[in-house]
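One chain, chain A, links the two complexes that follow: it is found with chain B in the first and with chain C in the second.
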Partner chain A sequence: MDRYKINFKDKGKIKRKSKVRKNIENLIDELEIKDAMTISFHHHFRNGDLIGSMVMDILDRKGIKNLTIFPSSLTSAHDDFGKYIKSGLIGKICTSGLRGKLGQDISSGLLEEPVVVRSHGGRARAIVQGDEKIDIAFLGAPHCDVQGNANGFEGNSPCGSLGYAKVDAKYADKVVVLTDDLTEEIAMPYSIPAYDVDYIVEVDSIGIKEKIMSGATRSVTNPKELLIAKKTAQVIEELNIVQNNFSFQTGSGGSSLAVAQFLRESMIRKDVKADFALGGITGHMVNLHEEGLVKKLLDVQSFDLSAVSSLKNNKNHFEIDASFYADISNPGNAVNRLDVVILSALEIDTKFNVNVITGSDGVFRGASGGHSDTAAGSKVCIVVAPLVRGRIATVKEKVLNIVTPGSTIDVLVTDHGVAVNPNRKDIIDKLKESKVKIIDINDLREMAEKITGKPEKINYTDKVVGLIEYRDGSIIDKVYQVK
Partner chain B sequence: MELLNRAISGTMESSDIMVEIIPWDKDLEINLKSDVKEQYGKQIIALVKAILDENGVKKACINLKDKGALDFVISARVKTALYRAARRSQ
Partner chain C sequence: MDRYKINFKDKGKIKRKSKVRKNIENLIDELEIKDAMTISFHHHFRNGDLIGSMVMDILDRKGIKNLTIFPSSLTSAHDDFGKYIKSGLIGKICTSGLRGKLGQDISSGLLEEPVVVRSHGGRARAIVQGDEKIDIAFLGAPHCDVQGNANGFEGNSPCGSLGYAKVDAKYADKVVVLTDDLTEEIAMPYSIPAYDVDYIVEVDSIGIKEKIMSGATRSVTNPKELLIAKKTAQVIEELNIVQNNFSFQTGSGGSSLAVAQFLRESMIRKDVKADFALGGITGHMVNLHEEGLVKKLLDVQSFDLSAVSSLKNNKNHFEIDASFYADISNPGNAVNRLDVVILSALEIDTKFNVNVITGSDGVFRGASGGHSDTAAGSKVCIVVAPLVRGRIATVKEKVLNIVTPGSTIDVLVTDHGVAVNPNRKDIIDKLKESKVKIIDINDLREMAEKITGKPEKINYTDKVVGLIEYRDGSIIDKVYQVK
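And then the complex of A and B:
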């Protein structure tokens, strides 16, 4: 018997099959979507997203029932999704954020099945480790070629990084790219590679341009926020974090954003350069990068147009996916290299537990985001918050819901003082020798209550409307229906 | 205090309250819209009632649009609206 058998069959020219479909309606028939499947979206278009409603509308008309929707987050663009719950189309929701009208609907018990709230890293982990199987991912892309190579920084409605969508593209059973900028020309560099894409549909518009970039980013002029930012920068400096090749992440809240500004001064004074800035990338970080103060930007989500154009033009502005960013099961995840992260909070309690998902009335009005991921990975995690917001105390005896456990939060900076987690003796010792005055978090709580008065207890029923999953997949808290 | 005309005080800014007082012949009616109604609604209405009591106001319609004002702000705004409604300066 000859070991080397010659086969001359099937050696013709490749017959090209187009992935491009005329419209979503026909494609959905072709995909044979069944009841109880899991479909996903990304939230890079934030409040301007048109993809979610576009797809859900058609599925609803087809009479599909009991779908699990698995977006990377939900924004005000999905405010009216309650109608799909009522029609039976949505049977379950997994998300990072939940707010607005939909948040109220869920909190008042509209959806039978509890919403699963995951961090950005936690969502990536759930996909990578197979806790969640995405049947079909509907991914909007601002720029896409006819084979499916797609990116977010070109086209009519750019959003910058497609970091969350990259994970869906890689792991979903079927991947549909929806674009309003379909080109024959090859789309390079790509964020989503053509080999991850099964179908492409050209639509009129994937998002409302002005709203894609709204929401999270703003310039900071509020004196309270600036004061907190200044104090935070002082803490960072006293802890000697600002050294050559340090790394940092700032969240999207006002004080957190303004810290970047003060870090700049500190870096120039000390003549040091940061290795990288991570996370949601803002214009503030781009400025530091272009000034040469931050060597690299690792971008999972671009918050403004300045970040978008930097991603396009600066070779050391890198797009990373959510697993690389913050997935606990990914041995190379970037949050584990962070020196310092500055995060916001809706509420923080005297055990340093943080709530970023429900408001003071117990209703969904926030997002888990990268909060618990960066808190756990970073060497120092600083939460910044005003002591009170309007009449609502930020520092409380017990938060309504825990997203990030206090064991991973190190410092709290408020406009009324700085508190340090007692389990960080090293930080306490360093700050004791500095100009920063440390105050007991219990004293901050008392101060807050003196200003606001004692609030009435929230009336909950015993129905669970949300499960907050920690980044490792364990459930860290339950959210109850509000009466 | 005798109320002569409709009066308002305050703003819709965060941490403020907009108070509208309308004199009428019916019993006291207080309508509260508040961002913190669940947590502080009862306290706000009790505070406003106490101020009205103090000033002998028994027949009026009070509309409150609260944006998370603290007690001293609420008190100042309600008193100002009362004085304006009574056309008094002190």
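And then the complex of A and C:
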């Protein structure tokens, strides 16, 4: 006998449904956003972002309360978000960075719940592993087709890579793409695939592309920074890192950007090519790529318009998502391949712990970014920093807040000398036989203190205003309210 | 009081683990493959595939029993798989296609369990929605780096798109990449991302690239096929499908390939460009693309070496996965955007139902492919077929087996006339006012029968040897054992 049943029901041809909605106000009604939901947006436009305020304004008018906002980071474009805390719209914030007026507001205790600060890899991990659930992602996309395929490098306001947004699109319950360039033609290559998109709305403008280049990615003219860069290049040289198919990432600080220039000279001299450069991509990197010195650019975030245009035009300039970039739970993450990363620091202590989130006054003024991710994944992590900034020591007995554990930092290069983490005997041994003079980090701290004097103690209350989450999901530090 | 606990445990730098294993025999021991598991592989090498037999041979020697094999399709490279049925290694088969000796074996009842035949979109859907769980995917990749990023268009044996394999990589419990080109350099762009890959093994050869061009994609010289193609072009012309940014797919049969040539002339005459061509990509499509007539190629499977090299070199030749291509559960699937698809048929009946899986003797000799997917998704689906083949009618009262329901087929073009599905009044109305003469499909059947006579009845047993699953997961037909 035949136990198999034909159960086909004839539905004929597919009925096509449109995801395109007339305006965002109507869509928000359709979405039935409830109090205490989690919404996300991305910061690929950095200071030029228009989406965050656009969405929050409407939600505020609708009287929504107690939302968790979960942007990939916050910038000066969100400086006035304190008003949404006061109105009760924002109940919690998770972000990579926090600066300016909002940073001040948070540090002075405006928000009841502590802000959760995550690295770019940590945020991706939290989403991928389900620690955080995004109810609705509002994602600005410079170019989007009617089915929802979207990318960041075409259209009127290109921002380049949508590396952070890609993760939100993949995991959020509902995904709304906001675009100012909606097309009938299929948007290929896509950053965000149509199958991750539920709704599409056309708006006047999603961002100001000229503002994607923030202060953190300026060019380097400061002689102190150039000196540090030169010393760093020397360390890299002596450690023989510049070999064929090596890989590197330079952070967004001045010195670390200048290092790229020295790497260039070294590659030309040795006649070797880098396999890839990783992370936030700048025009400097694009130049190295177009010169043929760096074979591939792996771009999670385009730091300037030169990078945006390269992503569009250069076949070997690749967009990667935050999980591919730096997610510890992702067995193929790219930071785990890095030969060397050069990072900056607001503070570093004698245990090599690094603070990149709070200033010397204890107030939020930085971002976790890919700092702890690249430090842990790279073979060699070099932190570059001036020994003092103005009248403030960078190298200290104890950092105010730990973002990156000292166990993952290998070398500190300052304008007053190079210190190596004692747990990297291999590096110490190599540098001992070289022209690079190693100095004990405790001596650096003393030198700094001699210049600046003992730092004044900060008056904290016992209210926690921030939790710094390490990339594996554990809490590595707390940030307290400043009186 | 402070309810937040610091719970960071310092693990220092990341310890890198290698996924690379020395040889496949050892790996298979490590994998602890058990009886009745489901394993998969892909058919991107078509008749040149070496992976299927390589893996099955070892598993057979290890005495494994009752596996479900779940390849994206089976080709002549797997013609001798009957021996693994006899040995007890294979307990069940799920595939898109079944031909040659293995098709004969199955049709004559060698395998106890019925073969499950799925379309390319249906297979992706079954995986994505969890109807089928792949325990271990053995995926041949022409180029792979040490972390597992892999693609199909670099290396010594490129096969082009890995569109089917991408879905397996994403959803299988364990993913093994077999490669004959393992590199230290990062393999970007990747088809399969490292994070989907658990193990990598280097083998001597994964496939014979010259054999990826199968008989199904030959060039067209047959005058009957050219006549059908010309009539099809006329229908497309009269329906005014060739407009700026239209999209199309041509199947792999001779006539449907020839249609591409007529489309070219039409585009040049009208001075319009297609937005994209979809599906299995051939050198014909590449020519149209390089000529600037088709803006983008969306490639789930590269049908010849010209397509392989285009995928590598042409910026707007994109690899897509089977779910993006045709998965009904994927709201952004590409078949839903198609303006027109041209498909072939082994048989078509007066209700427009199409058989592309069994021959006129009832024996497996075809493949479901993207047939039912594109038929359902496209605005206009045209089936092209000669009225008779040799002494056998193509248009019949009732097809032996239904793969694609007639409700999704819009037009039938034969060398003896054009029939339109009565449910497409819009098409009938347009063609009535044109030079295309519409003929009733029942009349076509009569004409065919006059030429061939009544077909002899096939002697089936009551044993079910195949279940044809429609793209939504329902069973649309059963295939019976042939005496």
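Rule of thumb we're sticking to: the second predicted complex is superposed on the first by the 471 of 483 C-alpha atoms of A that agree within 3 Å, B and C clash if a C-alpha of one lies under 4 Å from a C-alpha of the other, contacts with A are read in each partner's own complex, and residues count from 1 in each chain.
As a convention for this text, a contact is a pair of C-beta atoms (placed from the backbone, for glycine too) under 8 Å apart; a residue touches a chain by one contact, two chains touch by 3 or more.
What you see is a predicted model; the values in this text were computed from it and never measured.
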{"item": "Touching partner for A:360 - first (chain B), second (chain C), both, neither", "value": "first"}
{"item": "First, second, both or neither for A:352, with chain B first and chain C second", "value": "neither"}
{"item": "Chain A residues touched by each partner, larger count belonging to chain B or chain C", "value": "C"}
{"item": "Which of chain B and chain C A:303 touches, first, second, both or neither", "value": "neither"}
{"item": "First (chain B), second (chain C), both or neither touched by A:456", "value": "first"}
{"item": "Contacts of A:248 with chain B and chain C, given as first, second, both or neither", "value": "neither"}
{"item": "Which of chain B and chain C A:148 touches, first, second, both or neither", "value": "second"}
{"item": "First, second, both or neither for A:407, with chain B first and chain C second", "value": "second"}
{"item": "Which of chain B and chain C A:5 touches, first, second, both or neither", "value": "second"}
{"item": "Contact set on chain B toward chain A in their complex", "value": "14-15, 35-36, 38-43, 67-71"}
{"item": "Sites on chain A touched by chain B in the complex", "value": "360-362, 389-392, 451-453, 455-456, 458-459"}
{"item": "Contact set on chain C toward chain A in their complex", "value": "1-2, 4-14, 16, 19, 114, 147-149, 184-186, 188-189, 193-198, 245, 247, 275-276, 295-296, 298, 315-316, 318, 323-324, 328, 330-337, 375-378, 405, 407-408, 423, 462, 464, 467, 470, 472, 474-478"}
